[in-house]
Amino acid sequence: MSRSLVIQVINPNTSEAMTQTIGQAAAQVAAPGTKIVAVCPSQGVPSIEGHFDEAIAAIGVLEQVKQGRAAGVDGHIIACFGDPGLLAARELARAPVIGIAEAAMHMATLVATRFSIVTTLPRTLIIARHLLQQYGFEHQCAALHAINLPVLALEDGSGLAQQKVREMCIQAKQQDGSGAIVLGCGGMADLARELTQELGIPVIDGVSAAVKMVESLVALGLSTSKHGDLDFPVTKPLSGMFSIFNE
Amino acid sequence: MSRSLVIQVINPNTSEAMTQTIGQAAAQVAAPGTKIVAVCPSQGVPSIEGHFDEAIAAIGVLEQVKQGRAAGVDGHIIACFGDPGLLAARELARAPVIGIAEAAMHMATLVATRFSIVTTLPRTLIIARHLLQQYGFEHQCAALHAINLPVLALEDGSGLAQQKVREMCIQAKQQDGSGAIVLGCGGMADLARELTQELGIPVIDGVSAAVKMVESLVALGLSTSKHGDLDFPVTKPLSGMFSIFNE
Amino acid sequence: MSRSLVIQVINPNTSEAMTQTIGQAAAQVAAPGTKIVAVCPSQGVPSIEGHFDEAIAAIGVLEQVKQGRAAGVDGHIIACFGDPGLLAARELARAPVIGIAEAAMHMATLVATRFSIVTTLPRTLIIARHLLQQYGFEHQCAALHAINLPVLALEDGSGLAQQKVREMCIQAKQQDGSGAIVLGCGGMADLARELTQELGIPVIDGVSAAVKMVESLVALGLSTSKHGDLDFPVTKPLSGMFSIFNE
Amino acid sequence: MSRSLVIQVINPNTSEAMTQTIGQAAAQVAAPGTKIVAVCPSQGVPSIEGHFDEAIAAIGVLEQVKQGRAAGVDGHIIACFGDPGLLAARELARAPVIGIAEAAMHMATLVATRFSIVTTLPRTLIIARHLLQQYGFEHQCAALHAINLPVLALEDGSGLAQQKVREMCIQAKQQDGSGAIVLGCGGMADLARELTQELGIPVIDGVSAAVKMVESLVALGLSTSKHGDLDFPVTKPLSGMFSIFNE
Amino acid sequence: MSRSLVIQVINPNTSEAMTQTIGQAAAQVAAPGTKIVAVCPSQGVPSIEGHFDEAIAAIGVLEQVKQGRAAGVDGHIIACFGDPGLLAARELARAPVIGIAEAAMHMATLVATRFSIVTTLPRTLIIARHLLQQYGFEHQCAALHAINLPVLALEDGSGLAQQKVREMCIQAKQQDGSGAIVLGCGGMADLARELTQELGIPVIDGVSAAVKMVESLVALGLSTSKHGDLDFPVTKPLSGMFSIFNE
Amino acid sequence: MSRSLVIQVINPNTSEAMTQTIGQAAAQVAAPGTKIVAVCPSQGVPSIEGHFDEAIAAIGVLEQVKQGRAAGVDGHIIACFGDPGLLAARELARAPVIGIAEAAMHMATLVATRFSIVTTLPRTLIIARHLLQQYGFEHQCAALHAINLPVLALEDGSGLAQQKVREMCIQAKQQDGSGAIVLGCGGMADLARELTQELGIPVIDGVSAAVKMVESLVALGLSTSKHGDLDFPVTKPLSGMFSIFNE
């Protein structure tokens, strides 16, 4: 009863390197019949490290969702830990849309009573805090940590950021009383499996988690409800650079 | 990279008919390589309609988890909407354990901003309320409804309970401002797909949702954290009828 | 110790008529030394009735904030009840930024123990719900109501929408046990004072409330903290249509 | 107007020594007319240190409640800090049922604005956390501590565990900003009065607290509501080892 | 080990009739060795129906607590459903202090999963709401009702208010899905036992509940913690009419 | 459209020095047409450092509100960080009433995602905690600190308390991850502007914040709702020293 499907993995920033990292992480866990199409906006912000960056990135996400929908993809993933534009994308899409913060947090609650988050810059912690509150997982998050390096340090080839993530995960395991760790950046997608092995606790990457969630929803015949507040956007003429969204 | 796996679906009550309904619902969504083994305790309670029934059923769940673990299954599902014995089972199991209430609620939050629950007897509503609070989904649940028929009415062949579920779902869609409906009983597992079609909104069955969640966790290389409070039970000699749990 | 100041009131949609309504409401309560500059994005969405519209509008808000900042305005108001782009705008701006939902809700808690919200389309209720949760005012909101007319019905000259708002306010006063009503749309800005008179309870418009809040912050020598997560966006080259945000 | 009554104190584990400790603590505070009957299940788990142990213990609790009910006792106490089987026992019993975690937490909120909890193994902290959330006392609990010794260390005669409890209570008093301490294990029941004296703050044992609560409910003519979700279990034939619960 | 003790029951309003009703209700459940001393302030407000009345009444409560403390009473009860001056009284007193709202709510959570409140004037509902939030019982309260008669109607001899309370309780039982009812006024203290009989569910009066709580705390050797924020008030000279509080 | 108005700033304690500090802080930010009248009760407590002090102070606040109302003031400010008597004062007053804790907390949420509180004695922290919960700002408060000096140390002329406040603010900025600091005592009103400059983050004084809030409400034509639970107190004869409140 399996079926072949296409999942569009949208890196909301414009970094090609990170798009590749994310795409590979997604492909590694995809089911045999699943094809991963990793994309990023042609225009936008090279990395997402705050609310301003997120607002810009949300447009790129929507642009890609529109293209993915036109191409008939079976699901969309927003591969930035702030889940920028998630509800807007759910309105626009016909297929399911999953954010990687959401995906990782959900998975974490299935394998541990409490989890820790390890992310990049301290200023992004507030975004994770707001998501925990909105998704309902505040009680399950024991602590949030930032390695204090920018997102793109994960792509500079030096391995320094990766090393800092590893150290922070070890520290979190020892100090937080958490049973699992959520990696708080799409750019960390390739670290989860190895850290899970090394630390002996679930270290969860949202990109791969989201792939399985999309596959799950499709297999269940479920998609975003179009009854109520996630219905397609009310049709009206958008102007200027946003006219790309007009049908 | 797919793999063949075995999922043990545990109906915590002793109804064979319901075990079959549940097993079929599970099999219908299982991936090609997934084998569903539907079981129920050899002893216990014929249906679960309150906290007392849940306490009894939890032992049956643990018994089955122990057997499933010995048989090397890749995941366990607790197929009763109260998720009886969930955290205890997570301690006992090596493989992931998912409850169907949990599974359905998680899925619902991915396709709607708010959902309604439709269950059997009014006295079980408090169990759902407590789970919503514990899992963090209180804000996402708009309303809870009971059809006021016992669980086994779903297996009496008359179709009356099924009809009541259908009517309640229609009413919930019209009145609650919800975008999705969660079916609050393992015995309703076969109704979801049809009601989703008829009502035009996601109507979610936890059994099938849980199958996909177990498959997802396995594919991600994730299982219950054995670091901390979900570690295997502290070894000590159990006495009397519980000596079956001694190694 | 009073000072002359300029407040930029940003209507996040592109409706000129609504921009005018909003600007007038703002001017009516502005202090003698305060100059109101009502603007709207040159491109975007004609009305905001969902998350997609909000994501588009947020860019328009940021564009205007950037221009306002360059022009040296003393404060910015985001005049749409969903407060689109609020935290992003706070990062970008040097002067204080206030959203009208936030402003109205804060004011309501100062004059009543519980308030009701009256807005336009039912699908926007979820946005208000999320804001109540994020701002911390869930307990103070007794009920939310929608008149079930689109935003621009407020500008069609027929008075029908205004009449529906009035009727809904009367009903809310009678049924909700609330002491005050918050008007949930920038386009209702001109109704508050009259309804306050007629109903004999505070009926609060966020536009005028926000004007007083900006004036207050300026007089107090307070502006958005640039220590921590609302600091100016990390500088990096934006590409394509977003290059307008490069310095 | 006093009356003579019998309170069944159920130690949910099978440790005779602990049953005695608990029974003595109960007897010490019982009113003149109150007879304490301390019991433990004939079969089960020797100590309770996790969710698995709790699930086993819940059956023992129910078995004893059934016997106590047959014997016509006036109230039941579940003397393990996780309150295993509490709601199930309330269904089964005719007389009031009180858990010692519940009892201690309630009492603590009557004598201090915030309290600390001192328990045995770290893995049991999650059980206390969940109870705080379910009972509504999260805001009143300032901190949770574990002495990191197993439950039965309290019965090994060395006094080491008792010494660790004492040290942890002193530390909690100094560091947590709490006005009272809740002892998080039935096996600590004999320490409360002495520590209250030594530390000069209320150190609360749930066993004795529960005795007074049962006496209070009886004196007030109150018992578990049989209207609604705590009504007697729906009658149906239990099978196998659970047939002991059939009438 | 029983002991003779004196409990001061403070009616915070100046109504002699209500003081008597309250005193009798207290005496009816007091243990053999317990002496009830029912008092009310010599000056203050004849009934308490809002925050202003409560502020006035709090002084009367404190005045009586000071006198009771001087007389060496073993506990104090604040017999108004808003628990006016509770934390202030805990600072001032050496013996335990219990409010009747607190007492009734605590007891209700021990016999039902959810309860309803029936009180006098609608304007006092907000006080009950705030207490539910502060005490942590929001989730356990299913609904609040007001009979829309002033407090003193309970003392006018017509029985009308009592009839309305009865009708409201019946309605609450049928509609709220609650297992118990809390009577929300000290003046209803004499109705609880009869309504419990008639309705077949626990109908709880806070006055008698508080008596048992004070007796319990005394028997347990517990009193308000004087370590931290409930310590005796910082000594300083009060002026004017408040000099009565100077030592 | 500006108007001349009179704001009564009530220092709830009887310290003349503090009344002056508070009055000056208020005057410094008042709009040109606003006249500040700083008052304190003629009788009461010299400083407010706990719940008992607050209960006494509340009467002084009400006395002053009554006088202010008779004098036709346009607004009342309760200048003690616990906001003693706030809801009672709102009942009694015709004009708006603002507490300084409330004012400072509201303002803080407009300029930072999270704030810290710096207050005087540790025992007052619980009052701030309760207000955060009641007002809905728990999630926005990152930490609370006490300098461990009594309130009147702020008026002893030594500058020691001021120095401690400064040091605590610096520490809070470095450690709490907060973007703003709320000063938790009316007696610190003169420190905010200077500390804002020195620390480079918003340091917020509630007295000045409250002045702007009252001015704002007046300009908006809003006052406390007299529909519902903040209506004028039910008229009844107060006795004894409270007869001053009889009309």
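Should a chain be cited, it is by its letter among A, B, C, D, E and F, assigned in written order, with residues numbered from 1 in that chain.
Basically, a residue touches a chain if its C-beta (ideal position, glycine included) is under 8 Å from a C-beta of that chain, and two chains touch if they have at least 3 such contacts.
Every value quoted in this text rests on a predicted model; they were computed, and no experiment measured them.
A.B. asks: Hey, what chains does chain D share as contacts with chain E?
C.D. replies: B, F
A.B. asks: What rotation angle superposes the Cα atoms of chain E onto chain F, in degrees to the nearest 5?
C.D. replies: C-alpha superposition angle, chain E on chain F: 180 degrees.
A.B. asks: Centre to centre, using CA atoms, which chain is the farthest one from chain C?
C.D. replies: It is D.
A.B. asks: Between chain B and chain C, tell me the centre distance in angstrom, where each centre is the average of that chain's C-alpha atoms.
C.D. replies: From the centre of chain B to the centre of chain C is 44 Å.
A.B. asks: Can you give the whole-Å distance between the Cα centres of chain A and chain C?
C.D. replies: Spacing between the chain centres: roughly 30 Å.
A.B. asks: Out of chain F, which residues touch more than one other chain, so two or more?
C.D. replies: 87, 113, 122, 125-126, 133, 139, 177, 228-230
A.B. asks: Following the definition at the start, I'd like every touching pair of chains, please.
C.D. replies: Pairs flagged as touching, ordered by label: A-B, A-C, A-D, A-F, B-C, B-D, B-E, C-E, C-F, D-E, D-F, E-F.
A.B. asks: Considering only the defined contacts, which chain C positions touch chain F in the complex?
C.D. replies: 1-2, 28-32, 87, 96, 98, 102, 106-107, 109-113, 135-140, 173, 177-180, 193, 196, 200-202, 204, 208-209, 212-213, 215-217, 219-230
A.B. asks: Please give the residue numbers of chain D that touch chain F in the complex, ascending.
C.D. replies: 113-114, 139, 177
A.B. asks: For the complex, give me every residue of chain B touching chain D.
C.D. replies: For chain B paired with chain D, touching residues are 14, 41-47, 49-56, 58-59, 62, 85, 87-88, 90-92, 121-126, 130, 133-134, 150, 228-231, 233-234, 236-243, 245.
A.B. asks: How about chain A: which of its residues touch chain F in the complex?
C.D. replies: 122, 125-126, 129, 133
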